[in-house]
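Heads up, the next two complexes both have subunit A, just with different partners, subunit B and then subunit C.
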Partner chain A sequence: MLDFFMGHYAYWFTLILLAIGLYGMLLKKNLVKKTIGLSIFQAAVILFFVSVAMKKGATVPVKAKGIPVSEVSNYLNALPHTLMLTAIVVGVATLGVALALIITIYNRYETLNEEELLDKIQ
Partner chain B sequence: MIITFTTVLLYAASDLPLRGNPDNQMNQRESITGTEVPGNYYIREAYHDAHTPNIVTVILGDYRSVDTLGEQIVIFSAGLICFLLLRKRGQNDDE
Partner chain C sequence: MIGSEIPALIPITYILFAILIPVIGLWKRKVTWHLALLGSGIATALSAYGLIYLLQTGETIRYFFGGWSPPIGIEFVYDGLAAFIVLVINAIAFLVLIHSKKISQNEFPGKLTGYFAVAMLMMLGFNGMVLTGDLFNLYVFLEISSLSSYALIAIGEKRAPYAAFRYLIIGTVGGSLYLLGVGFLYTVTGTLNIIDMSAMLPQVIGHSSVIAAIILMVIGIGVKAALFPLHGWLPDSYTYASSTSSAIIAPIGTKVAAYILFRVVLFLFGVELIDAALPVTTVIGIFAGIGILYGSIMAIAQSELKKMLAYSSVSQIGYIIMGLSLANPFGFIGAILHVLNHALMKALLFLVSGSMRLKEGHSLITKFDDSYRKKYPWTMAAFTTAAISMVGLPPLAGFFSKWYLALGTIENSSWLLLAVILISSLLNAVYFFRILEKVYLRNPEAEQASEIESPAVQKNEVGFSMMMPMGVMALGLLIVGIFNAYIVDIIVTMFPAGF
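Right after this comes the complex of A and B.
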């Protein structure tokens, strides 16, 4: 039972974070809050991958003296870390574009509320 | 609806392998399809191939350099789009 809890609690926290992000994206009306929800969702996915890559009794994937590389269980799997590094960078870039779009929308329509915005566009 | 979704996700998480167990499928030598797991190859051969101690750097810069190039293109175009979006507004203010 304790084993089960210790093996899964990280997944549960990330999934709760995922649900918070989804709630922000779907139910909030403010565009900035929607973007924050998107960002939280993304952080949850990245945290999920990083926590899956965890290996007990292993060290970080940087070659150290005295820890032989030939024994694979000495080091963490470096592939999820690398891919998540890429995902973080791309996520920050898209977040920047989203914020720039929000600035443009606010300058033109003077509102960030989704419903008011739809009314003004029509 | 979101509560239902979260409950389904939390239930599905109980079937995931225990976190940190070195005997997990992803840490084994071969995947279920019989091919070698790439992570193990990276750990064993990264220093031998590139003579850099940091395995993450070796994967990012050597094995997946084309992927990283694509990433750079994404960042560059994002910066360009931000610049164009914000600059256009500035011109309209001047007029």
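Right after this comes the complex of A and C.
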């Protein structure tokens, strides 16, 4: 049982991060905190990809002396990391749009609390 | 001549104009609308040419970016289904952009340059999503189109930014869940290319990662497609967005997401394979059925035209996804035909509501009365066409997609879904004829009041640039309805393997 938890600790970590992110988005009233939850959620997905590509005792995918290319397990798979560079850029763009919307909302309603906001909108 | 480069040329046209519009907009602000029109016009012409080319040669075009063939490189797959959807979304965007000239100057003056540049970016995202043959590339295009649509929705009424923020939160969760699903599939198969992966999946279908991936991807795409329990973002976003934004996002955005669901369920996994792992088609069939009824009932409860149309969209997306869940040829024909029909109908209805907002300053159903038929005879005629088609009376287009869906339910003996189609048609009739009755039938009380006051009702029709796209769509509904057999002949060539 303990082995099951310890052996998959990266996945448990991802799962906990996803849960924290969802909690922040759904239950926090402040829009900025919601956005922070959003960032944590995206970071969890990114960390999942990074941990999937992790390999013990392997090196970067650059051909080196003494490490035969024929032995694939000597090299890391660089693709998930590369994909995550794009995903990080997407995350930053999302964060930017979210903050821009928050600024607009604050200028119009002078509050970022969701309940007050809904009262003012009605 | 340029046949084999078609799949790359369409997105490149949009990205070119997305860059050109702000640059030229700095120098001359008035030409941005013309540029946007030119951009989507070129893309429409290219996709029309592409579809004809494809029908003549009959071969799927696979375009490798940078000459790197998959699985190393990224490819665009231009098959019959992709060509058809690309033509539909580009043509609708072109017509809506023609209509947007006056509305854009009225609803968001001073933001024209940014608006049209972002609209081009959004179309880039949608076209890329349809064309790409790579699951991660699809995620990137999904986020491009989503980020642009958040921006387009935020331009609108006072409440629009908050609606857009909510959509952003929900939409990003959907996108992230999809990405997580792709990650699970990648760890098992080691490829991201759809064609490669579909060849490998039969060997690993029982793996728990694959099952998790199916759930995550279906939920993630379901959010974007506004499948019933995940539709929460849709009504507010469509209602408070600017008329042009909702007219361009409502017919296109959810359709493209539904198309991605088709790609994943029918082309990547295949119905038999995915149902062997999980009863996916049954589950989404049930949710689609509930969504159809829920959307129709909520639409009846609305007193605002745009909000009513938004809820009606939830219901109509249900039809398309129900066609997928039937997983037989009739269901597939009905769903793809409904993508075209609903894109035309919903765009037309949103354009009418936009015209009403421009002329009357509101689109409240309660304020509609029989003076409208004198003031706006042609707009109301177009509205009537779309409404009747929505209800599903022959010979208008809406009838035929429902007909094929009904045939599909009969073939599967899913009588409950057949009942859902029939009941929802009646519900559609309730909420559309309510408006038609106000506009066309004589109201005795109003008649008496008008004898006392008798306000001079003058013809106050919208201008040609707004009337033309509405007329084209209304005629399109009639033509698609009458010549649906030819379109079905084309759709029959698009069946996924195993049908």
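As a working rule, the second predicted complex is superposed on the first by the 108 of 122 C-alpha atoms of A that agree within 3 Å, B and C clash if a C-alpha of one lies under 4 Å from a C-alpha of the other, contacts with A are read in each partner's own complex, and residues count from 1 in each chain.
Keep in mind that, in the parts below, contacts are C-beta pairs under 8 Å (C-beta built on N, C-alpha and C of every residue); 3 or more make two chains touch, one makes a residue touch a chain.
A quick note: this is a predicted structure, and the numbers were derived from the prediction, not measured.
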### Task
Give one of first, second, both or neither to describe whether A:Val52 is in contact with subunit B, with subunit C, with both, or with none.
both
### Which of subunit B and subunit C A:Lys34 touches, first, second, both or neither
second
### Task
Classify the contacts of A:Val97 with the two partner chains as first (subunit B alone), second (subunit C alone), both, or neither.
both
### Message
Just checking: does A:Ile105 make contact with subunit B only, subunit C only, both, or neither of them? Give me first, second, both or neither.
### Response
second
### Query
Which partner does A:Thr86 contact after superposing on A: first (subunit B), second (subunit C), both, neither?
both
## Note on the structure
Max touched-residue count on subunit A (subunit B vs subunit C) belongs to chain B
### Query
Which positions of subunit A sit in both the subunit B and the subunit C interface?
22, 52, 86, 90, 93-94, 97, 101, 104
### Summary
Seen from subunit A, its contact residues with subunit C in the complex are 22, 25, 31, 34, 38, 41-42, 45, 48-49, 52, 80, 83, 86-87, 90, 93-94, 97-98, 101-102, 104-105, 108, 117, 121
### Summary
In the complex, subunit B touches subunit A at residues 2, 5-6, 9-10, 13-14, 16-22, 24, 26-27, 29, 38-40, 42-44, 46-47, 53-56, 59-60, 64, 67-68, 71, 74-75, 78-79, 81-82, 85-86, 88-89
### Message
Applying the document's contact rule, which stretches of subunit A touch subunit B when the two form their complex?
### Response
3-4, 6-8, 10-12, 15-16, 18-19, 22-23, 26-27, 51-52, 54-58, 61-64, 69-70, 72-73, 75, 77-79, 81-82, 85-86, 89-90, 93-94, 96-97, 100-101, 103-104, 107
#### Entry: Residue ranges of subunit C touching subunit A (in the complex, touch as defined)
136, 139-140, 143, 147, 150-151, 154, 158-159, 161-162, 164-165, 168-169, 172-173, 176, 179-180, 183, 186-187
